[in-house]
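Here is the structure we will look at, set down as structure tokens.
Letters are used for the chains, namely A, B and C, taken in the order the chains are written, and counting of residues starts over at 1 for each.
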Amino acid sequence: MIGSSVRRVATYGAAIGLSAGLLATGLAVGTASAGGVPGVTASKITIGATVPLTGIASPGYSEVGKAARAVFNYVNSKGGINGRTISFVLKDDCYGTPNFGCTGTPNTATQTNALLALPVFATVGSLGTPTQDSVRNLLKSNGVPQLFVNSGSHDWNNPGTYPNLFGWQPSYTVESKILAHYIKATYPNQKVCYLGQNDDFGTDGYQGLVYGGLTPSIKTMYSVTSLVLGGASYFTPFIHTFQTSSCKVVFLDTIPAATAAALGNAHSLGFKPHWVISSVGSDPITVNNVLKGKIKPDPEIGATSFSPLPTAATKSPWKAWITKVLLKDKADFPSFKASSPIDGNMEYGASWGVLFAEVLKQAGASFTQASFVHTLLTNAFPGTPSLIPLQYSASNHQGQIGGLVDTISSATQTKNVGSGVVYKTDSTPANNVTVVPGQKPAGGPIPSWLS
Amino acid sequence: MSALFRVGDALRVYRDRHPVLWRLIWTVVLVAIAVYMTTHLSATTDGLLATGACMSIVILGLSFLTGASGQVSLGNAAFMGVGAYATAIWANHHTTTPVAVVLLIGALSGAAVGLLIGLPATRLRGPYLAGMTLLFAISFEGIVLFFGSWTGGDAPLQLPTIAVAPQWFVDRFSSSIPLFTLNQMWLADIAIVTVGVSFFFMANLFRSRTGRAMRLVRDNDVAAELVGISLPHARVLAFVVSAAYAGLGGALYTLVTGNASYSTYSLGLSITILSLLVIGGIGTLSGALIGGVIFAYSTTWIDWIVGKTGITQGGNLAANLPNIIFGGLLVITMLVAPYGIAGAIKMGAGKVSRRFRVTRMPMASG
Amino acid sequence: MDAFLTGRAFSDLLFGIADGVIISLIALSLVLIWRSTHILNFAQGAMAMFAVYLGMGLLSYNVGFWWCVLVSIVAGVVLGGLTERLLVRRLYGAPEINPIVVMVGLLLLLEAVMGAIWSSTPRGITTPVSSNYWQLHGLPLGLSPFTMLEIGAAIAVALGIGALFKFTKLGLQLRASAVAPEVSRLLGVRVGRMLTLGWMLSLGVGTVAALLFCSVNGLTPTQMDGIFVYGFAAAAIGGLESPTGALVSGMVLGVMQAYMGDYYNSNDIPFATLMLLIIVLMIRPQGVFSKKITRRV
């Protein structure tokens, strides 16, 4: 009978021993220095982000954070900023959806806690609306700024409740207001139909059209889960309804997979409206992975979209600069060559990376989280690829407030519509889209210390 | 030497006479040791411990359902989600409820939904039951969106204030330890105590009449009926208990992460829970603990392996290596060691202890 | 009349049939494995996907499309046979949970291997059969050459399997091995071989379904996960013992989803499928078309 006691002790002992051994792999002696600014030492500043490195959202989106890291590596190679190198830690949260295809069991909150334990000075460029919504209170109560969230939701523009939370991407409402303006001018009095995602991407996007004076005749919302479960042909009934109702313009607030589904189905149905696609889902390189070669000519060509950054066809000095920076980061971009195109994700990440570097420079040699945020709020930052210089304020934590209308000119390129007039507006219901005079479509000047 | 045997015998007698008290003492001792350990660990480790604790509770619930009553469920992440949302919704309306009550609410809501799902389940066997729970797992998102005015719809439901260590806890530590670390420590301690309580109950349930009745239903339902056990009752009870545990785990997880989001409680998580149960060991308490630890540390270990073997960081192989290992482990475990790690240890220890028995001469006087 | 044919309601029916056909084929493949070895193959979608990757990978070497299709189907059949021989054989007589976990493990493993080899970036296939819908007075009729191919393939497969089971000696042996293995063995049937054959047939059917689905949606390692769940639901509703049930409920499910998505709300399609499954199984736990009861005393 001792046998069973021995067995029990052995089992529990082994379980505890196993656990203890595993805990030992995570033992650390004390974390931050008491009394200093968390994440900042004399020679290094540590920042982090939670991004989808694996999983369904990762093709494409995984490049965004890496492009920013390439920018920081480049800055470090030139001596850093005010004597400090930037250490940018990317944690995989698989878009917060532990499905097949994710590494391990990702959760945005636990990965954010892991960043907080490092500690980090701020999170910069974390991606996703539901993912970043879930950690606002966590970061706020730890006093860690949540900067440049990669999403167009208006949730980041809430200075009253979250004074240290900032977006960067133009809101879905801003984009829709500007595109509504364009549609009314270019396709006056034509029937417009709307297909949007059934979360705030679609709700805000639709609302922006209405604010811009354009109310679509048909409004359909799709669910990403149903698309994943049932495949692209799940869209066929919607597109068919648009067709039988004689819609001349179809507005898509869709992610790239859904854009591909809509375009493919429309092609099969013989439906050829004018497509207007949100910047979220219009990048031709990303959209065409499935449609590539199947449908000739590429059905996205001629579609209209929106961009707050220079388009691929514009001769912008930033293009050469970003190429240079990506080439140097072999770890993040092992197969990038000088002749490789810069897709929308790379441009996106590099742009807010540049913004962070500039704010850091402006913040000076000695700063705290509060003074850093103050610097961000009280300065304009023209030296980034953004078409309109970034200017945050007490009433604008959203970020970019406009951009230009572009068109998909080939399977890999976008180009400006017309001469590349830059528009700006805001997320309020007012119909107030205005032209920004004198704004060039090539982005701001490259600061000398960055070139 | 013989004195040791006498002590062993005395303990054994005590254990057989007062089983519940024996388990209680064990639980208190183990929990105390674990809580003590958390005060000397880093914030990261405490965070991982808390996460692992949540999952081990859920895994234990599934262990009861599968091991004790032989039913397979692929929907436990959804029950977890029920508890998670119940907790978040309650906390948003009543901010001052004590932690223990909030966790109980999570468990009870899990139990309620478990009853709803368990009722149709009584008529289904094997793959039909698995399929029904599979569909439940997939519909969870739709259900959350349907009740959007309560759940916040597609946006995660945050706790109004994240769980922080109370002042009396903070005061026990030196002021050089950052507040973030203390908060993680506090969460880990709550999690460990919850694990202790829930495991204690489960240990008693396993060995009680109800537990034995369940096992009979699992092994031979005809005999069970002959003995007078109501099959549907037993099956539904198993579902309710397993769902209550899952709800408790979800409630705890909401405390640890500060929010409830339907995308967390996906079919993928349900399958992960089942897999961890199998690898840890079905039908054992330690198996559930092992499963929880593996859940918490899987990303860390995989990163370590990728780093050591020089596979391209972020390349295709690195991104898929974890699932290659995990999937491979599942297949191999089931074929070679179907009782999981805990089972293998038990059998190994059994072999060792049998040697002891053989060498102990029956005539040895005490 | 023309307006009706190109109208919303009738078109949705046709779209639903095209989608339903794929669900039916997956359901049929699951039923074939269930009938022969009483296992629910959770890895069915991934195994079929693997076969498609192998076959369609040859397209980049300028192999003809239909040859690639043939290679895919052969690969699927071989994979099914190998899985039965090497893995499933060891699971006979084990508790219910064992095969489920092993097949789930195989699912994870295969998807990860596909991702490691071919990456998760979607790849498109160009089919020689056009997916452009036929037009009637400038509006589409809900059928295209490709959807006709889908329906035709499903009919061919269903008739082929049906004929095999009903009219051939092999089919008789397959059915006997499933229903009464001991007696069949005594009568000289190589039961082991029949079980392997059951898996091979099933994966052949599954690969055809995957080929059709991926022609529209492109290839990614996890592409078949979603539609597998619907295929399983259809199989359960129709009755896991019944090939006819699988085919019919697949079509019904496809049509229901098309109407629901168009007229109502796409969010609730998974939940509606769940409700349908629960309602059917409450009324008739063995499925609509199944003749057997689920348990014998």
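Here, contacts are C-beta pairs under 8 Å (C-beta built on N, C-alpha and C of every residue); 3 or more make two chains touch, one makes a residue touch a chain.
Predicted model only: the values in this text are computed from it and were never measured.
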Graph of touching chains, which shape: line, ring, star, complete, other? complete
Name the chain pair with more contacting C-beta pairs, choosing from A-C and A-B. A-B
In angstrom, rounded to a whole number, how far apart do the mean CA points of chain A and chain B lie? 36
Per-residue overlap in chain B, given as positions that touch at least 2 other chains: 138, 141-142, 145, 271, 319, 322-323
Expected list for chain A, residues touching two or more other chains, is 58, 99-101, 198, 225, 229
Out of chain C, which residues touch more than one other chain, so two or more? 107-108, 111, 115, 120, 229, 267, 269-270
Hey, which residues of chain B end up touching chain C in the complex? 66, 70, 72, 120, 123-128, 130-132, 134-136, 138-139, 141-143, 145-146, 222, 271, 274-275, 278, 282, 316-317, 319-324, 326-331, 333-335, 338
Looking at the complex, which residues from chain C come into contact with chain A? 6-8, 11-12, 15, 18-19, 107-108, 111, 115, 120-126, 131-133, 135, 139-140, 142, 144, 213, 216-218, 221-223, 225-227, 229-230, 257-258, 261-262, 266-267, 269-270
Along chain B, where are the residues that touch chain A in the complex? 5, 8-9, 11-12, 30, 33, 37, 40-45, 47-49, 51, 138, 141-142, 145, 153-156, 158-162, 164, 175-181, 184, 256-259, 261, 263-264, 266-269, 271-272, 284, 286, 289-290, 293, 295, 297-300, 302, 304, 312-315, 319, 322-323, 342, 345-346, 348-350, 352-354, 356-357, 360
In the complex, chain A residues that touch chain C: 56, 58-59, 99-101, 198, 221-223, 225-226, 228-234, 236-238, 240-241, 243-244, 257, 264, 267-271, 289-294
Residues of chain A defined as touching chain B within the complex: 1-7, 10-12, 14-16, 18-20, 22-23, 25-32, 34, 38, 53-54, 58, 62, 66, 92, 95-107, 109-110, 113-114, 116-117, 119, 129-130, 133-138, 141-142, 155, 198-200, 225, 229, 331-332, 334
